[in-house]
Amino acid sequence: MIPEILAALFFGLLLLGLHRKVVARIQKRPGPPVWQEFLHAAKFFWKQTWVPKTASSLMFVGIVLVGIGIWVAALLVVIAGGNILIIFGIYMLQKIVEHGFGLSSGSPYGKFGGVRSVISAASEIPLFVSVAAIALFTHSLALQDIVAYQAVHGPLLLIVPPAAFAMFLVLLSKMPGGPFSVVEGKELVSGYKTEHFGFFRAGLYVCDGLKTTVLLWTFVLVFIGGLPTAGFIIVMVILMIILSFTCALTPMLTPFDSVTLQTLVTGAMLVYVGCIAAMGVPG
Amino acid sequence: MIAVGGEPFYYLEFGDIVLYFSPVTTTLFVLALLFTLFVLASRPERQVDIAFGSDAYLAKVITPGELHFRKFMATACGLASMGAMVTGDVFDFTLFASLVGITNIGIVAAVKNRHVQNAAYQYGLVSLSATVPLFSGAAMVAATTGTLSLIELAKGTYPAVPLAVKSFLVLGIIGEGMAPFYAAKAEMFRAPGAPYVIMCSLSSLLIFLRVVEIAMTM
Amino acid sequence: MIRRISNVISHFDHILPLFAAACAIIAAIAIISLPFTYVPDQLYPKTINRASNLDPYDRGGPPFTQAVIHSQYPGNSPSAGYVTTYLTPFSRFLADSTAHLGTTIVAHPGGILDEILYNTRGLDTVVEPTILFIAFAIASYLFRREE
Amino acid sequence: MVVWQEYSIGLLVVLVTAIIGFYVLSREKDDLHRLLLIDLVEIPSLGIIALLGTDLAEALVLPGLVVGIAELLALGQLYLTKEGLQDRPVRGLHIEVIDTSPAPVIISILLVIYGIILSGFTGGGIAGLGIVFLFMSRGFKENFSLIEAAAGISWAVWILAFFVFMFAPQYWYFAVMAAGIGILFKVMAKMALVGTMWGEGR
């Protein structure tokens, strides 16, 4: 179990490094090396650490552990082929974690990051509509069953492309520098991460690494299906590059514009799922 | 077999209302429990505000009375979300949801800040009007299927629940505190007292997860 | 367009109108899809015994005997049916001597409503006063803080 | 083909009223009027529940009603706080007869006794009315937290009775009596508190 977690963490940080590299190249910068995020995480582990005087100390420290804990749990669910609703539940808890990070310190910058993370909760709704679309076809939400369904009927990416698009938007909202990434906007220093430094920041990197792997992996599993390990790695890298291009080529929206856009997408998805449900599912 | 949430492995009976623990409901229940304990154990932070025009800054401190009250509300909110996670009855679920709604109001209403109170009031109005679609949705489920038990509904032997009825339920839950109505909630979140405010957010996210499961089960 | 929408939703005063409009729309959709089939096989069906002194709430026969209740899981509440006729001695005397004592929770305790509320759907009733309790706590806290 | 039965016709009527209510609600700008309109909008929801037409419907209407009232109570108080409407110099009734004669006390005692005889929800209401009347007529600076504690304890007794029903159904008789007495005191104390909450602020 430990090797898998470490591998997922390492891979996730590399993917984030790749993201930075691609974005930098698009902007005609050399960019940091691909393993930069990994180096960051390692560096912060040995930095001096303390808890701010104004912070709610237990929460300040505990939320880091909670963040790591939920993503490890999500990873284990993915490995076990468990229920996709559990994974998305954990994904939604990431909001709470961001909120906890932002608010527990008492810093106004962190607070704004936290408040924005609450506003951006709209990004979760497309997720559930796409889940509903998937359930209409597979009649189950266990990852195993979804993969088995795709082995028979071909990838869901081709069967329900709008659902894949909606989920892609959700992934996008968790990428640094994307159009929906209002939570970490640079006008807020580092958003919810502002006050967590030293060891805690290293914990945040662990969180981010695991999160990236889990989300991309889930996307691949749900919309493309089971692949050999090398295949997974290649598809995830390709997906990451697509995401990086999207991030680099789109402006960052204001928080409420982002909410509006995501709500509109949700509305469109609802209509789409309604149409599928009304027409009946083939097969 | 509860199609969406996996096979339940434990039933807890309260007369006609049966709580069931399936992989999904149990996970959500445990998450609610853990966060409630976490929130109970932590002390509120001191929120720092910068005083403009000078180098000074102020830290807001929560008084012991307010602290107790909000801790109580946060605990009630946690218990309500735990109940909503595992209940196997549609009407019971809507009741738990409205309990979550009102505890959320309580958590922020205690803050002495005009802006926050205004937001809390508007949110309270929404959550009060959300009981209309919630309860009518549950009643229509009973009328069109003849049962309120999710365990029975999941068996598939009952008539299908009309889509409009499901939308009523989901809309009700959305009104109890989900996006895009989050905008009002976000203002509430400016209140100091991170551990308690987090409970608002947690409970509505969990309840939304659960209503998705319920809507897909029916 | 998007900017205009986001300007509307960014202000919390507009939240209630938005929600109300959404409710109205869903209600309209419900009207369009209307003829819903009403399933005749309902739980706790209503039958009224007009001859009883406890009319209109007597559905359980004489006090302290078990009435037949069509509940979802009869096995879960073996004592279901007893509470239908809970009366205090005084109300029982009224019931025996007059024809005007309806027994429901809002007139007098007892009756099938109490049976449902207390016994088979007890958890609902637990949650419901808890809501009242919480609301009350909020109101009294806000009230008292001003003193 | 689904036929239009009585249920669907009733639903049509109620939904139309709901749409009207929600439309009005979406046009209203004033905070207080919004609160009042929501109370109006809640009525269609009770109508939809009542259309169920079984005893279950009656049992479901009650929680629906209670939730509405409860939130109204909390929001009303929140409205007062947020608008700063605390300056209501009303203390008691200040009618000479009521201030001096023993009649209010006797009436209150009678109401309380009658309430205890009835027991249950109604009994609590009547007894509570008696106590409210006493407080109103005499302008007591009653011990708020004491009554609050009483309300809390009777609430606990009541809840306990429910758990007896669920886990030890053979003691149902005991549970019924405990519930009946619990709700009596609960409603009584709550009514007393609500009744005294007016006009006592600065």
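In order of appearance the chains are A, B, C and D, and numbering begins at 1 in each one.
The rule is simple: a residue touches a chain if its C-beta (ideal position, glycine included) is under 8 Å from a C-beta of that chain, and two chains touch if they have at least 3 such contacts.
As the structure is a computational prediction, the values presented were derived from the model and not from experiment.
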Along the shortest chain of touching chains, how many steps lie between chain A and chain D?
2
Judged by C-alpha centres, the chain sitting nearest the middle of the protein is B
Just curious, how far off is chain C from chain B if you go by their C-alpha centres, in Å?
21
For chain A versus chain B, what separation do you get between their C-alpha means, in angstrom?
23
Which whole number of Å gives the spacing of the CA centres of chain C and chain D?
14
Expected list for chain C, residues touching two or more other chains, is 9-10, 16, 18, 20, 23, 30, 36-38, 42-43, 77, 119, 121-124, 127-128, 131, 134-135, 138, 142, 145
Among the residues of chain D, which are close enough to touch at least two other chains?
7, 11, 18, 22, 25, 34, 41, 52, 56, 60, 63, 67, 70-71, 74, 78, 81, 165-166
Within chain A, the set of residues that touch 2 or more other chains is 256, 259-260, 263
Can you list every touching chain pair?
A-B, A-C, B-C, B-D, C-D
Of all residues in chain B, which touch chain C in the complex?
13-18, 65, 69, 72-73, 76, 80, 83, 87, 89, 91-92, 95-96, 98-99, 102-103, 105-106, 109-110, 118-119, 122-123, 125-126, 129-130, 132-133, 140, 142-149, 152, 158-159, 162-165, 167-168, 171, 174-175, 180-181, 183-184, 187
Sites on chain A touched by chain B in the complex
53-60, 62, 66, 82-83, 85-86, 88-89, 92-93, 95-96, 99-100, 103-108, 111, 114-116, 118-119, 121-122, 124-125, 128, 131-132, 135, 139-142, 256, 259-260, 262-263, 274, 277
Mind pulling up the chain B residues that touch chain A in the complex?
3-6, 23-24, 27-28, 31, 34-35, 38, 41-50, 59, 163, 178-180, 182-183, 185-186, 189-190, 192, 194-195, 197-198, 201-202, 205-206, 208-209, 212-213, 215-216
Report the residues of chain B in contact with chain D in the complex, numbered from low to high.
13-15, 91, 95, 98, 101-102, 105-106, 109, 114, 117-118, 120-121, 124-125, 127-129, 131-133, 135-136, 138-140, 142-143, 148
Can you check the complex and tell me which residues of chain C touch chain B?
9-13, 15-16, 18-20, 22-23, 26, 29-30, 32-33, 36-43, 71-73, 76-77, 80, 119-124, 127-128, 130-131, 134-135, 137-138, 141-142, 145
